[in-house]
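Each in structure tokens, the structures are laid out below.
Here subunit A shows up in two complexes: once beside subunit B, once beside subunit C.
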Partner chain A sequence: MQQDFILITLADDDEDDRLFFTDAFDELKINTVVNTVNNGKELLSFLNHPETVLPNIIFLDLNMPILNGIDCLKEIKLNDKFKDIAIAIYSTSSSEKDIENTFVLGANIYIKKPSNFNELKKILADVVTINWQYHTNGLNKDNFLLRM
Partner chain B sequence: MKVFIKFDFNSICKKVLEEKLEEHQLKHKVLGFGEIEFLEKISEEKLNAFSNTLLPYGIEIVENQKAILIQKIKDVIMDMIFNESTNINVKSSVYLADKLGHSYGYLSNLFSEVTYTSIENFIIIQKIEYTKQLIINNQLSLTEIAFKLNYSSVAHLSSQFKNTTGITPSAFQRIIKKRREIATKNIN
Partner chain C sequence: MLNKISVTYMKENKHKSSVFHKIIFTISLFVLLFIGAITFKHINNISDSSKLLMHTYEVNLELEHLFSYIKDSENSMRGYLISKDTLYLEPYNTATKNVNNSFLLLKKLTADNKKQQENLASLYKIVNRRYEYMSDYSEQDLRIDITRNRNFKKNFKESSKLLVDIRSKLNEMVDIEESYLKQRNSKYKNQIYLTPILTLSILFITLLLIIFAYYQTTKDVEKLQAANIELNKSQFLSYQAEILSEFGTWEWNLNSGVIQYSDNLYRILGVEPQSLEAGQDTFMKYVHPEDIEKVNLIFEKIVKEENLPYSYFRIIRSDGEERYLRSIGKLFIDKLGNRTVLGVTVDITDEHHKNELLISNNNDLVKANNELKIFDESSKQAEILGKYGSWILNYDTYKFTYSDNKFRLLGCEPQSFDPTIEKLLEFVHPEDKHIVIEANESALTTMEIPTMNYRIIRTDGKIRHFKTIAKSFTDLRGRKSMIGTTQDVTEDYNKSIQLKQRNKELELNIKELNEFNHVASHDLQEPLRKIQTFISRINDKEKESMSDFGKEYLSRIEKAANRMRVLINDLLQYSRTNRSEKKFEKVDLNEIINNSIQELSQNIEDKNGVVNFSSLPEINGVNFQMQQLFTNLLSNSLKYSKENIAPIIDIYSEKIVAKNESILHDNSSKKYWKIDFKDNGIGFEQEFSEKIFQLFNRLHGKTEYQGTGVGLAICKKIVENHSGFIFAYSKPNIGTTFTIYLPFNT
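And then the complex of A and B:
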């Protein structure tokens, strides 16, 4: 049977941000199971751990110490095992070049981080809902590009 | 060498089903629109085994009545959009209600409740999905795609594409092209 929840992994070095995100996910209508990691390196070791159940979607902060979002994205895209995971990048940057570059490198979703919580909630609800459609309707993930 | 392929979901599904039904020696009739009638009684064990061989293809046996109706709504919509020989002169709401024998209000409420999106939105998502496929195949111009998908104008299609995905059709095309260039480079 198809699962009726979305597995989310969130990679962000800022504790307040992690809290905002997990709170926002909690309020969604779609059931979510969220786990968080503090940086890119942790994310990769989590994904590569043999007992990890892979998430349906990863939210990736672009600016992280140790291993930043872009390098993480490149690593993830190199491994065929992760090809079904949707990648959502978020950043404060709204430079067209940055955005297009993350898509070209294989990101599915680009979120310009909003300044207030309600807006963040709305954006995350939209992202998770559209991802749900991809997840449940067999849409082609290679063509999944979304900019919020 | 690189080639582009296009495929027809309905034919693929039918073919897989026929083959698997054959393989499991189940006497059956395919009724279309995702319905199969078994012509003899089948043990739960046999049905489970059959169901399991379908899972890798993304095909599953739907169990409860609500889920069945939702699936039928989706199938009718997909057929409306992807199948060129299905010609519809009425509004999609009228067509759905007529085809499925329930009021549109009922279908629409049920759909929103279970899928977290509205029928209208689902139709848009699917049309944009089809547009993406056609853009990538490179055979039709955006104007031709707009005509094919019954948009009143290319501007209407473009703005719906931008509203749904956050990017323009030309940016989409550019990104996919660049991705392919990188992928080709990595192979060589």
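And then the complex of A and C:
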């Protein structure tokens, strides 16, 4: 990473979740730049915008209007420009189906939204500080879902 | 048969010809008698005539004799008178005697003739007078010359005249005789002439008759010969038949008591033909000792009733072999009035043995038949109960046979019509006719038909759904047929339609439930998660500045939110138990229990719990569900453990058979694994043993024991998913035992 801060993008249609997300990073003492978009479509247009500096990690909610997380993930992975960006699935659901699907489609980690702010902070800190190189190499279905 | 006909034909012929012969014979007899009578009469007549002729000649002769005697006596007298020699008196006396004799003879001869008698009488008078003269001289003195006596002269003259009278009288008599003779001669001639003509003509007629009779006889003889040949042939045939069919014939003449055997009857007895004298005693020698009485009765019967119905007895042949015989006899009366019982005796030993075999076979058949009848009856009942009918298509005749119930299914009386494909098509629903026609073609060409479903319109107008299956079948005699079963599946069809509809509804319900699950998992979880997150935010940031009242309420909000989370999670888990894919695989329960202990290790440690288990089986199941089952049960036991008493959980398993476990209400020999989870927890009243498995059912207050009342419901669900059973046995303050039965699969 050439920058001294980590670029993070969150795609989530829920305003509260976006608030928790940004609050959490605000409270974390990590050098991050967080920007948020409301849905998959906005995410893709953001990524495709010529002036955009591509993020290091994308947090992708699955349940979104217009373009949902799964379809968005597919689009990203099809694009050579974006396919190397680490994708963290960030969802309320922890259904086997969703976990399986996103894993197969090439997501890097699966985070279930916690119901405690402190837990949230901890998870986000963990995810951001993961050595992605190692994580991706040893990635399997068992460690795909981030357990607390 | 042929013989019989020819015999009756012959009989008729014989009868006819014999009548004919009799007529000819009678006619001939009459003709001959007639000829005889006529001839006799004619010969009589002829002999009469010749007698009469002879008589006439005799009379004439005697008259001549008489005259010559008279002359002789005259001559002698004259000689005496002349010579006076008495020597002449001798011939005179002889002649006189002869005259008398002659007269007597003539009198006899002409006794039947009055006229001649009269003539004879007058002649006698004349002769007498003449002799009176002559006798006068004979007694005269010879010395007197009477010639000189005038009287003598006159007398002499007179006597000469008398002699002439005699002569004329004699002539007259001869004439009369001659006229008789003539008359008789002509009559005689007449008869001599007629007799041969009559005789010849009658003879000729007789000859004709005899020729005709001969012709007829020859013809009859030819016929008889032909009949005889036929008879010979049939005799020969019957002789052969006797040998071939092992029967012999016998004749018992009841009039004479003579018994005759045919050659083959001797052979049946095992002796050379005609080598023994046939008879009752001879026969008895061969009769089986046990049957002697029987045969004696048979003999008595023949004599008494002149008849012998079918009789059976055994003999011991000369070679010692025991044979079975059958006899029958009938009275035959021939034209001569002979009463003969004609009989046939057959050696039925082979037949007898065959019969015995047949009887035993027959018994088997009767038994089999009986069983078949029972089977048939039960299948008839089954047809009625099961609403099906059976039918057979015979490939030799292309004819159908329907069972009674097949007719009933069509709404008809059993066997009320001749089943054909055309007739069946009359019942088939117009829209489904093609199915039946195609099936029929396939049945005729490939001898196979697919299972077919079609509708028919019953005679009462109701539409019924039929299902037919059929298979071709070759019976023991190699005849091919197709045997089919047709079932009225209307109710099933209706039910299946209902079922389909229900299924649709159910699918819809499941879809709704899934949607609900979705809502529960996402849309309900999401606000809850946010509420909880907000609570944690407030707890972190604002708790310090809150009043005690606020803190207390915030804490209660937090608890309620937490409980809601637990509820939603459990509910999701429960619904997932229902929905999740059931991938059955070998599951080692030892591994499962170890995982569960691992999972609950913190909990166990906290309570100082002990889990004991002996070797558990490997079963066929869904791995994660089994895991959940064991974890839930263990955690349940840990949760409801007694305060201050370390929980001890014993798990053990055994193999059982369903019928030995009364609680399963199953009398089959199905095998199960029985797994017990026994704890020493707080227990409960046995009456709640079923209630505890109901969803959201709790026996205890939320504050005493945390829980949603879903855990055991999930357990029950899982066990049921595995075709098993779960029961709970409990006593308050002693403990609870959960018993699981899981199907034993090898």
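Note that in this section the second predicted complex is superposed on the first by the 129 of 148 C-alpha atoms of A that agree within 3 Å, B and C clash if a C-alpha of one lies under 4 Å from a C-alpha of the other, contacts with A are read in each partner's own complex, and residues count from 1 in each chain.
Just so we're on the same page, a residue touches a chain if its C-beta (ideal position, glycine included) is under 8 Å from a C-beta of that chain, and two chains touch if they have at least 3 such contacts.
Everything numeric in this text was worked out from a predicted model, so none of it was measured.
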item	value
Which of subunit B and subunit C A:Gly106 touches, first, second, both or neither	first
First, second, both or neither for A:Val34, with subunit B first and subunit C second	neither
Partner chain(s) touched by A:Trp132 [first = subunit B, second = subunit C, both, neither]	first
Touching partner for A:Leu7 - first (subunit B), second (subunit C), both, neither	neither
Touched partner set for A:Asn140, first subunit B, second subunit C, both or neither	first
Per-residue touch tally on subunit A - higher for subunit B or for subunit C	B
Contact residues of subunit A, present in both the subunit B and the subunit C interface	none
Subunit B residues within the subunit A interface of the complex	58, 60, 63, 74, 115-117, 122, 125, 129, 132-133, 136, 165-167, 171-172, 174-176, 178-179, 182
Sites on subunit C touched by subunit A in the complex	521-522, 525-526, 528-530, 532-533, 536-537, 540, 565
Contact set on subunit A toward subunit C in their complex	14, 16-17, 20, 23, 63, 92-93, 95, 113-118, 120
Complex contacts: residues of subunit A adjacent to subunit B	1-2, 29-30, 100, 103-106, 110, 129-130, 132-133, 136-140, 143, 145-148
